[in-house]
Amino acid sequence: MTNTIGELENDAKAIFIIGTNTTENHPVIGYKIKQNVRRNGAKLIVADPRRIELAEMADVYMQFVPGTDVALMNSMMNVILNEDLLDKEFIANRTEGFEDFKAILEKYTPEAMEKVTGVPAEDVRKAARIYAESEAAAICYAMGLTQHSTGTDNVKTACNLALMTGNLGRPGTGVNPLRGQNNVQGACDMGGLPNVYTAYQNVTVEANQEKFEKAWGVKLSNKVGLTLTEAIGKAHHGELKALYVLGENPMMSDPDLQHVEEALENLEFLVVQDIFLTETAQKADVVFPGVTFAEKDGTFSNTERRVQRVRRAINPIEGARCDWQIICDLSTSMGYAMSYDSPEEIFEEIRSLTPSYAGITYDRIDVTGIHWPCPTVEHPGTPILHREKFNRGLGLFHVVEYKEAAELPDEEYPLILSTGRSLFHYHTGTMTRRSSGLDAHKPHNELEINPIDAEKLNIMDNEMVKVVTRRGSIDIKAKISDILEPGVIFTTFHFAEAAANRLTNADSLDPVAKIPEYKVCAARVEKIS
Amino acid sequence: MAQEYRVLLEYADKIDPANAADYIKVGGYKGLEKARGMEPKALIEEVKKSGLRGRGGAGFNAGMKWSFVPQDAPVKYVVCNLDEGEPGTYKDRIICQKNAQALLEGMAICGAAIGSNQGYIYCRGEYPFVVDLLKRAVESAKAEGVLGDFDIEARMGAGAYVCGEETALIESIEGHRGEPRFKPPFPGVEGLWGVPTVVNNVETFACLPYILTRGAEWFAGIGAPKYPGTKIVTLTGDVVNSTWFEVPTDMTLREVIFELGGGVKNGKKFKAVQVGGTSGAFIPEANLDCPIDFDSMGNMGAALGSGAVLVLDETRDIVDVVTRISKFFEHESCGKCNPCREGTFRCREIMEKINNGNGSEKDIDNLQLLSKVMQKAALCGLGQAAPIPIDSTIKHFKHEYSRKLVVTSGKGGH
Amino acid sequence: MISLTIDGKEVQVPKGTMLLEACRIAGADIPTLCYDPDLKLAGSCRMCVVEAKGRRNLLATCVTPAENGMEIHTESSDVIEARKIILELLLSRHKLECHTCESDGDCKLQDYCYRYGVADSRFDGEGPHFTKPDPNPFIMRDYDKCIMCTRCVRACDEITGALAINIKDRGHHAKISTAFDGNLADSTCVFCGQCIMVCPVGALTSKVSAGKGKPYQTEKVVTTCTYCGTGCTLALNVKGDKVVGVTSVRDIEKSPVNNGALCVKGRFGWDFINSDERLTTPLIRENGELRQASWDEALDYTASRLKGIKEKHGADSIAMFTSARVTNEENYLAQKFTRAVLGTNNVDHCARL
């Protein structure tokens, strides 16, 4: 997030929600948005193919066709441009590339885009006005925006919207991705990415390479590595031979599980480190028992870049070891001695190599976490990014044209399938399916289907149906729901016994981010007679 | 011989109460005209000077109440309390049925004083015909053009006694559960939908046209000096003339009951009178020479309240009557504050126990202790006043309680 | 600033300060049940009443602004009498089963009854009759212990915005209810448990923690939630080296993101920690089956296999998936291990999934 969670409750005068079912997937942030709307009268714009809970209290709700995000936001910007609602001063002083960008907007009139997005032109105008005219407007998004073959384009378009209206660098504004997992921000910050070391220091930059070589005392590669989806592909082709999976479950979370399964089976050697014998661990050659968050010390970085303490509450259960300890042990076994007395000692090493974390110490975050960047121990941290300037200096407008999703419905597969999450489960269900209350309350997966589609297929509520895509099929309970438009179906990926990712598409990746298109693939529903 | 003094009800049954033209013929809307010609401050001063005090039961100086409303607030409301939930009270209905236009004029005068152009009348759910009448009255006044830009909307309550409490009434208008708010903030500062609001009783509003036309000094000269004007009393129970009277406020209870009311029915002897509604104190014969005005009644440990006068003859069983009253309060407590929610329930339990012949001295002690705590600690007037019938009857009619107690055998097995 | 006397002590407070705050400044310990600093005022429990000179009624300090020249007595005989009677009224509708109550030791009713020596209620008529079963797996609703402070109703409205519960009926029969008095699962409840967080007694408790330890038997360890990226602070409740519950940290300094508020996963989704499916030994695949192995064996075996593959196929034939769920320190080590030991940049995690 460029801004903080608290601003969504107190400072934002308008909030544009696109591709985040906030009350289910970031419930506490959802509470804050609701209270801002109810208590302070903040305006709320919701764009989502499903009429999610927040849509019910929105000033404008735009139910758009999955995968038409760019068309929708470009049409909002068309209105902002034509009605002269832009922040000219901001554009002049803080951005570049506006003229080129402006040129493409002309054709994105709300009327023209209505046929693409399905959103009435008047709603787009209203949304554009609310967003552009508010004193401070924040954009929040999650994977509804990013999990597309055009995910990068979608995010760039959201940034254009904020740049065009000067909604950056001030309280209550910003472009705010709500990140789905406790430490996904930290995993990125720590260099858990194939192209960067910690704090996004590129592996291809020589100075960075030298810095880490010196610190770690070994030669390092300057070749950008494989992303997760690429690695699975390489394994499938037989080029990747070994994989070490730490606390991940690609056999549930990755697109096209049939493909993932074949890939993993094709490996010579698979190591999995986890707390349970996950679907992935069942495929492993070696399994290391790790521990839960309750059994170790450390830090997590949340979606607003706040680095916070994780504290050991109980000892690791008999037989398991802390994950950091296992990595150290394995490293040492391989001849590279890694020896730390505590996570704090590791953190001290991180600080020495990571400019944005340099000022953060365990002592400083003992009570209240600190937002990076925090370059020195005197620095208070940075709740709001881009106050004076952007990382690259001026904010760049990206010329982004609307492109269709990779796999569109056709006669054989007439429906659009979107996948997502439920309030009561988390990711691949490893933890929540083993939490007594959560699993008792929501023990099985459901397929949301519009009553009109259900009637066409002669399907009753709660009936077991088959969902079929080009990748495979699952049997699943139908839940007839009018929160979806006809032609769109939705399910979650938490349940191994009705695993949504048996259906999803591994080929339609975003070319830059390599993110799979979980929000759009072609599917059909069959009655099981 | 004590006599009525009719001001509000002077033209009762002589004019069509809903018809503004009728009302104008007998001098109506002159007060509003005068009020609109005055500076709001001077208007409020005039009302203060008249000594008019709230007729709903709390007896607060009306002009004073208005003066708390911040003049600069952009939106303000005038609310008329026509919830009239006190059993035995029907004066507000009578005012509406005999002289509804005076109420509308009074509300408009208040609007002129505080700078409001919107009035609401909150009418008890059992009076649908009164709402109809008032709607017609508003239309008629509008047709005559006398209300100017002041608009009045009549709203129907849903049958909760507590909604006679002004803040519960406001909650109810807002569409919420009828529960009192804590004060401060008083409605004058933060009332209906959070804006300054004057809530007055029907009778209070209906006095205003006459104060304006005949002058504050005229009004201040009627009845008791500290609670001047007339009061409409409604007589019920074992009294010959069970009807309403408009009387000067210095008339005594004895005059009301025995002269206007014609005394106790069927030649029976007087036992007690409960004044001011169901939460009023029971007054024995010895205290009947007290004037009915607010302060005199208060000094006696009673209250004028809404002006209901319930007469009980010698055959009435006080404990039984009070047991029924305690059931009423158990039913009508909104349940918000602890002393009232649980206190009214336990009062009823203990009263029933005594009334059924199963009570002991300890129960009477417990009732008195509970009564004291309810009066001191309950959130609103309902809970504070609910135990007064119990308290006052234990004080004045203890023997009737004692008679019903279980005769406990002395220690030692006698 | 205005000045007033509280229990003989003169204090100065800014205008608009409530008496409750003024009393606390003066060092007077005022009991409260319905008051919650994060919620709108109710002024309904009347436990906080005090005596003010010249006032006929006692004043509820939580909702009464301090006034200049007030003379307040916080423990006068009338005040103590009122508080005792209020406690007795509450006890008369409260199922007294402290010995098996989940909130035993963390119960304001218990605390105040102790403080004022209220062992029992003189109001010995009809007892509580409010509880009815609600089969949800998270929240125990035992309204026979409810004292009608309505903090749960306000938290549901003002913190979560779920508006699942409100007051039904009037007077003594008033109770906390969903619309049409149904089960929580059929209401707008999202099972965040904020109602449990604010309940001052044992009327609302966690079914997941039931029977696993009383509040005073557990140690509270403040940490960060393991689920979504919001980063809520919570306290793991530990008894005998086992996590037995999650409670809120109601302090904006210590819980800066959520100020104690949690969601259903954070508050109730912790017992996977104790699952008997947890892995407790390394496993090695042998003849197609996973078998138990010692740490030394598993580590040596893995090291030699990885070294072998690296030598044979090159470093880039190996990849590591680190995790969005483990700590920063672990992620750092994972990428360090990949880069420095395996010798490749093939490290990624499920940020995109």
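Order of writing sets the chain letters: A, B and C. Residues in each chain are counted from 1.
In this section, a residue touches a chain if its C-beta (ideal position, glycine included) is under 8 Å from a C-beta of that chain, and two chains touch if they have at least 3 such contacts.
A quick note: this is a predicted structure, and the numbers were derived from the prediction, not measured.
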Intersection of the contact lists for subunit A and subunit C: none
Centroid-based (C-alpha) most distant chain relative to subunit B: A
Centre-most chain, if every chain is reduced to its averaged C-alpha atoms: C
Whole-Å gap separating subunit A and subunit C, where each centre is the average of the chain's CA atoms: 28
Geometric centre distance via CA averages, subunit B-subunit A, whole Å: 63
Subunit B and subunit C: spacing of chain centres that average the CA atoms, whole Å: 46
Complex contacts: residues of subunit C adjacent to subunit B: 41-47, 49, 56-58, 60, 63-65, 78, 81-82, 85-86, 89-90, 92-93, 122-123, 125-126, 147-148, 166-167, 169-174
Complex contact set, residues of subunit B against subunit C: 160, 177, 182, 184, 330-346, 349-350, 353, 366, 369-370, 372-373, 375-379, 384
Subunit A-facing residues of subunit C, complex: 136-138, 158-161, 185, 190-192, 207-208, 219, 221-233, 236, 238, 241-243, 253-254, 256-258, 261-266, 268-273, 275, 277-285, 290, 293, 295, 298-303, 305-307, 309, 312-313, 315-341, 343-353
